[in-house]
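Everything on this sheet refers to the single structure shown next.
All chains are identified by letter, namely A, B, C and D, in their written order; residue positions are counted from 1 within each chain.
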């Protein structure tokens, strides 16, 4: 399956005065998750941009279940949804290090855009990489 | 209607190397939106916490339509969804200053929690404030 | 004097689990301060960049005296140091709304860089604006 | 020497529209640096707070030399300045992964504060840990 787990250590700057991680940081974690999934697939997001393809967010959803605390070590479990034809979709689970707690679940949808800002279909080099791992 | 528009000026620190505002900042704007809606209703979120009620996010959704750029002046249009019984829900629209562009739309759902972390029903003092404006 | 006061309302996302504003946010405030000073002078930083001049930070200093809390309304008091010849320097004071508390003091130094990334002298159009106000 | 190197991978959310890492993120890196130095010494900052000692920033300085780019892997080289008597001071160098480039240098000063917010001398358990490594 097109899935990868990245680790992240929570810092003071991620927390808020309620004592937990502030909500907007989960979107940063989603980025870490998909960037590390791409790296794991052998094609970094940096390289995708170098080839003239950009993938801005078109949609994000996140359900927060159990708060994350300062100094927690979390796993960002990212899965590429290969059923999507137009653009790309990633599913995320924020897990505790021992995987016993699911802190949050969510997804992001992305358009593929060329360097002129036009929406395009996911390019062949990207589909190639995905096919290779999906078998 | 329980609705309020707050203004925000985009800074360099909000943008990313694509030249637009980075996605996680929209969740900060949603916070500004509901905080200013509460202030407009005459009951700041600070006062709500002082009375022992906390409102952590349980869910967030955002659809990004048109990117926001550096130095743009945006309006955060926040509406309280008064049809919700358990917890609270806010709807947001991120608009250009002249209101001709809708940059993004989204919502947040919140649990009401007491100082022991237990989920409680929205307290009477909060419902009072809402009723007053909803008529 | 080349000085301007900008206002900022502290949000939850600015605070950390100590209950105060996290240190890195002061640098965002410094940016707000100098951007609003430029706007006040009639030449936005956006326009400066459009003319091909960029002003990346070369140095920052901040002394934190009294913590800033959630929902505080602060004043960012920014002064351009006109004694500097190469690059630019801004001095900042973070004040409480009533100006009775100085929360922090600091400065930033900036290089002037052209669109090829070369360090250049502050351009004439910038010196012109400064001269006009400095008299 | 009381020194430790932590690694950090730059994400999109760290960059700004100039294409480089936005300045306030260096202060987050400084936090990562000193937190990982404490962990390396066998006493996490979390444990220090559990023992009733807090270490808010009193001062920060940073000199930016070479910009850091998206997807760069940096080393945060943190050294405890053991010559300081009151409070604590850390020196930082932001290095490229291969250590050939010094991107930035800086320091932070911290007060030691008890749970009543009173400034205290660095506690014995902290000095003990430092002495052990400093020999």
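One rule holds in what follows: contacts are C-beta pairs under 8 Å (C-beta built on N, C-alpha and C of every residue); 3 or more make two chains touch, one makes a residue touch a chain.
Source: prediction; values computed, not measured.
Set against the Cα centre of subunit B, the chain with the most distant centre is D. When the contact pairs of B-C are matched by residue number across A-D, A-B or C-D, over half of them reappear in A-D.
Subunit A and subunit B have centres, each the mean of its CA atoms, that are 24 Å apart. The mean-CA centres of subunit A and subunit C are about 34 angstrom from one another, to the nearest whole unit.
The distance from the centre of subunit A to the centre of subunit D, each centre being the mean of the chain's C-alpha atoms, comes to 28 Å. Annotation for subunit B: residues touching 2 or more other chains are 12-13, 18, 20, 23-24, 27-28, 31, 70. Subunit D contributes residues 12-13, 15-20, 22-24, 70 to its touches with subunit B in the complex. Listing the residues of subunit A that touch subunit B in their complex gives 18, 20, 23-25, 27-28, 54, 56-64, 67. Subunit C meets subunit B in the complex at residues 9, 11-13, 27-28, 31-32, 35, 44-46, 70-71.
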